[in-house]
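The following blocks contain the structures, represented as structure tokens.
Shared chain: chain A. Partners: chain B in the first complex, chain C in the second.
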Partner chain A sequence: MARKIRVLVAKPGLDGHDRGARVIARALRDAGMEVIYTGLHQTPEQIVEAAIQEDVDVVGLSILSGAHMTLIPRVTQLLRENGADDIIVIGGGTIPEDDIRALKEGGWVKELFTPGTPLEAIAEWIQSNVKV
Partner chain B sequence: MNNLVEKMLQGDRRSAAKLITLIENDAPEKRDVLKQIYPHTGRAHVVGITGSPGAGKSSLVDELTREIRGEDLKVGVIAVDPTSPFSGGALLGDRIRMQEHATDRGVFIRSMGTRGSLGGLAEATRDAIRVLDAFGCDVILVETVGVGQSELDIMHHADTTLVVLTPQAGDHIQTIKAGIMEIADIFVINKADLEGTRKMVTDIEAMLDLSPLVNGWRPPVVTTIAIDHRGIPELWATIKKHRAWRKGNKGETNRERVRRELTEIIQRQLAHLISRNLDRHYEHLVEKVAARQLDPYSAAMDIIRQSWKGGLTQ
Partner chain C sequence: MNDQPKGIKEGLEKWRECRCQMKDRDFRFETVSGMEVKDLYTPLDIEDLDYERDLGFPGEYPFTRGVYRNMYRGRLWTMRQFAGFATAKESNKRYKYLLEKGQTGLSVAFDMPTIMGYDSDHPRSLGEVGRVGVAIDSLQDMETLFDGIPLDKVSTSMTINAPAAVIWCMYIATGEKQGVRPEKLTGTIQNDILKEYIAQKSWIFPPEPSMRLITDIFAYASRHVPKWNTISISGYHIREAGSTAVQELAFTLADGFAYVEAGIKAGLNVDDFAPRLSFFFNAHIDFFEEIAKYRAARRIWARRMKEKYGAKDPRSWLLRFHTQTAGCSLTAQQPENNIVRTAYEALAAVLGGTQSLHTNSMDEVLALPTEKAVQIALRTQQILAYETGVANVIDPLAGSYYVEALTNKMEEEAEKYFEEIEKRGGVLACIEQNFFQQEIADAAYRYQRALDSKQRILVGVNEFVNPDEKLEIEILKIDPKIEQEQVARLQKLRRERDNIRVRETLEALRRACEGTENVIPYILDCVRAYATEGEIIQVMREVFGEYKEKPTF
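On to the complex of A and B.
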């Protein structure tokens, strides 16, 4: 059986808007990936532990609360502490350009997708960045 | 790879997860992995949780996990969801109800897509159970996809099978007497605060009155309200009762399972060899059958006779 790309779609923090996350999850499923969705209000610790147990290739964080500068680095940090920094971290949400630059340059996230990104573009990005 | 097995046996979560992936992907190392972990398996009690979509299987697994953790036992969870036959992708959402246990080091949860299997589990589920068994889980809860009536694979892998129903199933129960209703070691009526619970219990008991007992075990009917943890301690106590009862009858079931698994593995290997040989060596017979010079049964017997002598041995 062929290897399948596994992606964890997670919503860290306190905002309750998971429509975007669910739309992404669905799009990645339709692109042939196995998507693990963990629901709302996840702590970085829960997300990292789920990523390890599910042995995912990618963690996708959906954040609309404005807390991205705290939550994204925290997830990446915990992955490193658990020796799981080969798992790619990406994110999506309403994130200002300056923050995007800071997060990417700081090595906290591999890519960030803002509202309006075509769903196929996200699936294609994952397919070309995961070593199969 | 050796390293992964060793680290997993020492309790490394990441290695356990990676071994399950290897098995799921049917990687070349799979056989070696299983050879190494097999001696470390057979210790865990495997509980299957099956039932129709929306019956509350994930919530039950979540609450059972909480109950079992109260005894300080290590819990493994394998939750299976369907793979899309069109895209090959899957949306695995059972974890949503279980995430509270994510950071508990005594719990290991793994989601699996069916990847084309039709029996309510994935082909790799049996061997994933073995990884968690070797990993040291005392109890392994296996949640099937939401099933209809005939996805019964779980009965071959679980030591105790729970069939989860809801009161609304109502008269429906009449229609599902066969198949899934026959594989229960324990019936669970979940959402028991809903109307119709009593009737449901009576219906099942009436059905059981007419069913022959298997080795003297009559499946108990337990009512639960999973989201309130109501009935969960009783359910866990009933599972333990079944586990104790089963210990006395384990031998024959285990041998049956080994026979079944060996048959499956041999069939798979043979099917693979046969299809390869058909392409390579028996094209002339294919031609003959296609031209109506030979019937398919005679051609098949020919191939079996010739192959068995050596062609199929490698």
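On to the complex of A and C.
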């Protein structure tokens, strides 16, 4: 039997809006994945350290503070510097379309899910993009 | 008279028999909070309602019908749009714009570094300066923020919690610079740390020292800033985090009782600080549930304050509240629909007797609002106030079988939560046990599942979708240069101020924090010396420690 997909749900930045992160963490767990939630106010360094330590397949970043253009590239950059660029970075939150385009085209993030995305759609995306 | 209920009962049974043969739509008939509602309410649902005991007259105990005798006939609610972004200078311009458009009070949004007590040049502030509110590092920024706005002429609400004491002192000091004495200042600081641990999660210190700061503010305000609302006990964020209406009501009032108990324990007379407590509720999309929530809140508060806490001053019994329409009810899809949602929510707030109101802008789900969107939101309130006629009559829904039954139900359900909270050892114990956080997370998850399975319809999101929707609304962008400029300004201030004075005042504050004296005069001295918010908070952090949450989902 295939092993379980491992996901780190992370909240970078200073804001405390954890409703989305916690709902998604629970949904991914219900979809059969191993989910680790970092808790709030994490720096990119802390997130990358946790991702490597927990040997995850996916890092999901939840950002609602408007700092996505700084924080998402920083996490991806640090993963690369630590030789962990096989970890897929995805994200969600209040992110305008232009920024989504820039982050995806810049290769900083594999996929971004905006408000209104069904939980199953996120779980399915992960299942079809992670090879286990 | 006695035969009336009997007649209604018989009639109802007959009606029910015929009605049950009719097929209902395939739909969950419940409130947005998942509370089941009946198809019909009759006098039988409020048989036990005693007008004088349970409703009374507006401005009279138990205030179910409103806190003032004349309500909106005397003065309309305050139209108070929450605003703030980028730098103090930019925000100052937006405030002047809003005042010019007929807004009647100011409401300041701070950026995340300010909310968390970090200066703009702190490594943790990187990328966050001026993003979701205005960056305030020192008294200098506060002076700029209110430049040309006389503080004795406006009332200002400031959404700040963990570092509330520092920001409030900056406001008092700005008044001093303008020649406005503290007793003339009117406004509100949110200053509600309990809901931070419960829902919004912007904390700095552990609960105990945080509660001390709050009671220090109560004490200082009662002597020196008597017209200031020292706390805005907030259900808004609890609801936005995913709670039900009952949870919002119960947890918020429980927090309120905890502050009252803390004040009494700190040796204050309840009537010296209770009249300055104010509340802040959400206006979600379920119209009647919200109205019932506000009415129940007033009644519960009045009864407890009088009967349990022995408050004698009638002003201590009043639950005055601000309302904001529900950000979490808005959709990123077809954002123009949010104007309609917000209008219904605003109507519920007004029919529920709110004292002030913020209406969300249609684009707030995407970014900070543009001027155009803010204007529509403000106009929504003005149309309500001046065109619809709903402000003419006080508490016009009183006596509705449904509204009164629902008001009773909200009160009963809230009482059950109060019992549970007490059994668990009180609000602080419940926070430690993750009780509130888990209840809210469960409700949020249920709600999302209901949307995903289409048991609940969200127009434009899971039904009535425009498949090829292209967003055509303008998005407010914050220039990244703002961060560099703010940092440069801060560093210039650090070079030019009297740094010996800064060190002395910070040291005096440290000693006050270590002791038991009221810390507010010491913070004021630091602020007047242009010590920065980050420097002041750092001193307090070293004495008080930092709060850590156990992450769960």
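Some notes on this structure:
To be clear about the criterion, the second predicted complex is superposed on the first by the 130 of 132 C-alpha atoms of A that agree within 3 Å, B and C clash if a C-alpha of one lies under 4 Å from a C-alpha of the other, contacts with A are read in each partner's own complex, and residues count from 1 in each chain.
We adopt the following convention: contacts are C-beta pairs under 8 Å (C-beta built on N, C-alpha and C of every residue); 3 or more make two chains touch, one makes a residue touch a chain.
Nothing here was measured: the structure is a model prediction, and the numbers come from that model.
When the shared chain is aligned, chain C comes close enough to touch A:Glu120, but chain B does not. Contact with neither chain B nor chain C is seen for A:Ala102 once the two complexes are overlaid on the shared chain. By the document's definition of touching, of the two partners only chain B reaches A:Glu34; chain C does not.
By the document's definition of touching, of the two partners only chain C reaches A:Arg19; chain B does not.
In the overlay built on the shared chain, the residue A:Gly66 is in contact with chain C alone; chain B does not reach it.
Contact with chain B, but none with chain C, is seen for A:Lys4 once the two complexes are overlaid on the shared chain. Touch criterion not met for A:Val130: it reaches neither chain B nor chain C. Residues 25-26, 29, 35, 37-39, 43 of chain A contact both chain B in one complex and chain C in the other. Of all the residues in chain C, the ones that touch chain A in their complex are 112-113, 115-116, 118, 124-128, 131-132, 196, 200-203, 240-242, 328, 331-333, 365-368, 441, 444-445, 448-449, 451-452, 458, 461-462, 471, 475, 478, 480, 549-553. The touching residues of chain A, when paired with chain B in their complex, are 1-4, 6, 25-26, 28-39, 42-43, 45-46, 49-50, 52-55, 82-84. Those residues of chain B lying in contact with chain A across their complex are 13-14, 17-18, 20-21, 24-27, 83-84, 87-93, 95-96, 99, 102-103, 108-111, 113, 115. Listed in rising order, the residues of chain A touching chain C in the complex are 9, 13-19, 21-23, 25-27, 29, 35, 37-41, 43, 65-67, 69-71, 94, 96-98, 114-116, 118-120.
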